[in-house]
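Paired with subunit B in one complex and with subunit C in the other, subunit A is shared by the two complexes that follow.
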Partner chain A sequence: MQAGIGTEHDLLLQQKKKNLNRKRVDTWLLLIPTLGIFIFFFLLPLFFLFITSFKTFDASTGIGNEWTLQNYIKFMSDPFYLGVVWRTVKIALLTTLITIIISYPVAFQISRSKGRARNYLTLLVLSPLLISMVIRCYGWVILLNNNGVVNNTLLKLGWIDQPLTLLYTELGVVIGMVHVLFPYMVLSIMGSLEKIDHSVIRASQNLGASSFRTFFSILLPLTLPGVFAGSVMVFSLSVSSFVTPAILGGPQVKVMSYLTYEQVAVMLNWPYGGAIGFLLILIATITIIAYSKILARSEKGVAIQ
Partner chain B sequence: MSYLSLENVVKTFNKTEVVKKLSLEIQKGELVSFLGPSGCGKTTTLNMVAGFLEVDGGKIEVDGKPVHLLPPNKREMGMVFQNYALFPHMTVFENVAYGLKLRKVPKNEINTRVLEALEMVRLSGYEKRYPKELSGGQQQRVSLARALVIKPKVLLLDEPLSNLDAKLRQEMREEIVDIQKQVGITTIFVTHDQEEALAISDRIAVMYEGRIEQVDDPATIYNHPKTDFVSQFIGEVNHIQGKVVETYDNKKCKMHFFGNEQIVSIPSAKNSEVHFFIRPEKIQISLGVSNERNEAFQTKVERKMFLGAKTRYILRIQDKHLVADISNTVLNPSQIKEGNSVYTYWNPEDLLPSRMVR
Partner chain C sequence: MRKNLPKFFFNFVCFLVYVFLLAPIVVVLLSSLTTTEYIVFPPKGLTLRWYTELIEHPEFMQSFTLSIIVAFGTAAISTAIGTLASIAVVRRQFKGKTAIVQLVGSPLLIPSVVFGVALLQFYSWIGLAASPLALILGHIILTVPFVMRLVVASLVGFDRSIEQAALNLGAGPIKVFYQITLPIIKSGVIAGAIFAFITSFDDLTVALFIVSTDVVTLPVRIYTYMQYQYDPIITSVSSIMILFTVILMLVIERILGVGKVFSSKN
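Showing the complex of A and B:
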């Protein structure tokens, strides 16, 4: 009798387990479309490109069959290419830094506002993302031109004697990049600002801290995770961006993605283009890891929170 | 001379006055509770004292000096928040030391004062923990230590116990009073829990719709409420009405309640209807009539609820319900069953006259 009940109980348990397993399978099924696209149209081509980057190339015969490290060696030993790497990283870091500085007050204001004002402000922040990348860049060309709005205004005001070269400089690229990418930073900082309990700020003031002190001792440390997430997004998007540097920087301000494009589309040297592409991924990854390591040291309690 | 004084303080939100010309004098070392339902302006008033809200009229003085124009960081007030408001990225030690560091206190003095403060709230040894590693009660104690370590002029407690569970709440409130008396600090305690206010306050300011209805010590508030709101808000009340049948010297009158006569000492005109409140624990019942209680009338027990130390009886007379709480040591609840008829009576002194007009 006792045994009978036992087996019945076991059966029930098994049934339950089966159901649970099926549920798990169901949720995985939902991921198939995304996973499919990700694997077949991103990971696989990336993998083939990676293999190709170790192949030889000849202008007359095309991609060879021998294995070689020559593509990587060529890139790493050429001061011109290393200069491009440095410029790419510099532009990306500068863009990230400037977006942090200009996004924080915006995020703070939006997170403090309510209702309709909040919706409009958010829409305003997101507006750069609503316009096509190319159109927006040509807009900046008109503004930053030697004969453009900015220079003309400054000349008329008598603040400068000669037009400033803004277009086809690193500064021009950074300006264009900051414009596109700052919404990501604003949204990300907003996310962590909203998690902060307002009474924590009051507590700080109550204990005698000025607003300035409260910002640096309480608000900023508590929003570092948001600043970090935003920085990762902005940095990786700007380090690999192509359209903005191509239009606002032109051939004078070559960045790595532009080099890759040149090799692949103009020279048809796929192995070398692939090698440059992979070095770009490597550099971005290393920078982000280094950044997160530095941040983790200063965070402490935030992680526990 | 009072230590903390509020004089005709006004606060307006969107043209509605939420605090209406509120005045209050608090003595040095006194613990005064602001008690009232939500929306009565008690937290708003506290925030004005702390400086988080500007006053729209009137003034606030501490030790004879006006403070209502100072920013919160210049007011030297310690505040304990409902949700603790500890800095999550700092350890317990750093949290408590924060206010001292801002005051540029030398490092070794910070060390001793923080450790002293933590000892006072019985949290020695927790210095290196982060707030998230502490229980709610412990977090609130850190918050108290953090507020007191800067030796503030006034301690402000904003519903500090409402996030704790019942048992801990009782423990913590005793601890808070102990510490408050030990430090001798002038304290405002905001709460919506009347039991809490009655238990710990030197005086209670009962607030309603932006006004203070009554400020008195707990016993006076409970036994001699000055307004209808206070009688109904503090403790529970039965609402009854009687008719004046005869008056004596304009001081006492004979009243009719449910067909019984009783002499009550209130001045009233003949034949007028008078409303009273009476607390459930002041109503007494018995199965038989005792001789001296000729004012007793009969009611029917409609429901009986066992509440541990006491039993609550819902009594019915005519179309009215009366709630009576009887201690189980006075009357064994097993003697009375639902549906029984019982004799009901009260002492005329326990009737709280109401100004209510129906």
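Showing the complex of A and C:
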């Protein structure tokens, strides 16, 4: 009798094990397509480029045979290239800051609206995301031109005597970048605004707090996680973006992504282009990790409140 | 009255932001109608000349078709494989899960320029020439992170007892997937597909490295054209692209409700 129970128990165990094995097999079946493509067309190419970045430059073939650290040393010891790094980070920081400021009211308005109006406002905010980045930047070229709309309007209003140089400047790049990355911030802030219980806001108003006070002591602290998440996203996309700086900045406002492109496509110096590319990855990753660490800490602070 | 003033100011600020958002798009649309030989805003006179002149530039139409093919291919493949991988990530426990999640998410951190350079070098080594397939493979890498994010989000709040019920009632796992799982995570999957389509259709950075003289996507075509010329042809091509996107979005909105699809993102 005891033996009988034993075998039944064993049988159950065996079946469980079999199920587990089958599950393990189909887990890998689910993963293999994605994993395969990522290993072959993402990891391997990047790995090879990494190796290339330690090679010498050869004028005829692009990539020489000798190993060297010169590509990295050259970049990090030249004030011109370090200036490019600083410009890249500066543009990303400005973009993030401006995006937060202009996204917040819009996210708030959408989260308060209902039904049709809400759908249309969402669509309006997301529309830049849906329309080709090249075209949007092109629109800014037309707007920011020396005899473009912005300059003509300012001249007519008498606010300036001479057209401002906006195109092919850092300011122009920032304007375009804010436009491109705005939807990410709005979506992120909306996400945390929607989690807020509106009775909290009403309570604060009923207790006599001004809108100003309600915003700074209730709304803003509660939505900080969304603002932070959006900032990380906007910052990282901005550091690595190529299209906007290429069209609105061009060779006059060189950022790291443009430098990488230029070295490879124009100079045909693959090793150096690769080295700049990996330094860009390094900078982006370090800043994002640092950023996320700080954010994680302050997010805890918010949670305690 | 005192209460309405801040509200008015608030709405005005929002209005300005909306103007900022639409400005470059409106400018492109309107300046495509100018009668002048150069781009000017506001347009001088109204004409459709720059649209008819497109007939003399068949290369734009070729690029448009190529971009559509690549975007469809990318959206189909990356939604399919991304959804499968999301299911594994959300529901299964396995070794190296964190590493895999990080690997699949990393294209969001790796600048596309660097990826484009790496891919070009890799393609030339393995001898893969510029083709729709070469572009699709690159775009899959760019879009799978988005697809997985959206699908994972819709899988996380999933009540699995419904699936269990179907299984107990004798449905096979594949039937359960098609009849129960997929309809429930539908909004995430569709949002993922739309995102993938748009990202691929819009991509300049990676395509710029992969294209050849015969295989050129529309964003690359526009980018290279405007390096050398500044005539309204570009604005008319761009306007057609904008109209195409608007029509596409209206159709999707009619079928699904865009607001719904995108609000599922959070």
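The rule is short, and it goes like this: the second predicted complex is superposed on the first by the 280 of 305 C-alpha atoms of A that agree within 3 Å, B and C clash if a C-alpha of one lies under 4 Å from a C-alpha of the other, contacts with A are read in each partner's own complex, and residues count from 1 in each chain.
Throughout what follows, a residue touches a chain if its C-beta (ideal position, glycine included) is under 8 Å from a C-beta of that chain, and two chains touch if they have at least 3 such contacts.
Given the structure is predicted, the values throughout are model-derived calculations rather than measurements.
Contact with subunit B, but none with subunit C, is seen for A:L222 once the two complexes are overlaid on the shared chain. In the superposition on chain A, no contact is made by A:M76 with either subunit B or subunit C. Touch criterion met: A:L207 reaches subunit B, while subunit C stays clear of it. Set side by side, subunit B and subunit C differ in how many residues of subunit A they touch, and the one touching more is C.
Touch criterion not met for A:I160: it reaches neither subunit B nor subunit C. Shared-chain residue A:L268: touches no atom of subunit B or subunit C.
By the document's definition of touching, neither partner reaches A:I286: not subunit B, not subunit C. In the superposition on chain A, contact of A:P33 is made with subunit C only, not with subunit B.
Looking at the complex, you find that subunit A touches subunit C at residues 23-24, 27-28, 30-31, 33-35, 37-38, 41-46, 48-49, 52, 102, 105-106, 109, 118-119, 122-143, 148-149, 179, 182, 187-188, 190-191, 194, 211, 236, 239-243, 246-247, 256-257, 260-261, 264-265, 270, 273-274, 277-278, 280-281, 284-285, 288.
Contact residues of subunit A toward subunit B in the complex are 197, 199-200, 202-210, 213, 217-218, 221-222, 299-302, 304-305. Residues 6, 10-11, 13-14, 17-18, 20-28, 31, 39, 41-42, 80-82, 84-85, 87-88, 92, 94, 100, 103-104, 106-115, 117-122, 125, 137-138, 140-141, 144, 198, 201-202, 204-205, 208-209, 218-219, 222-223, 226, 234-235, 238, 241-242, 245, 249, 253, 257-259, 262-263, 265-266 of subunit C are the ones touching subunit A in the complex. By the touch criterion given at the top, residues 50-52, 71-79, 81-83, 85-91, 98-99, 102-103, 130-133, 143, 146-147, 150 of subunit B touch subunit A in their complex.
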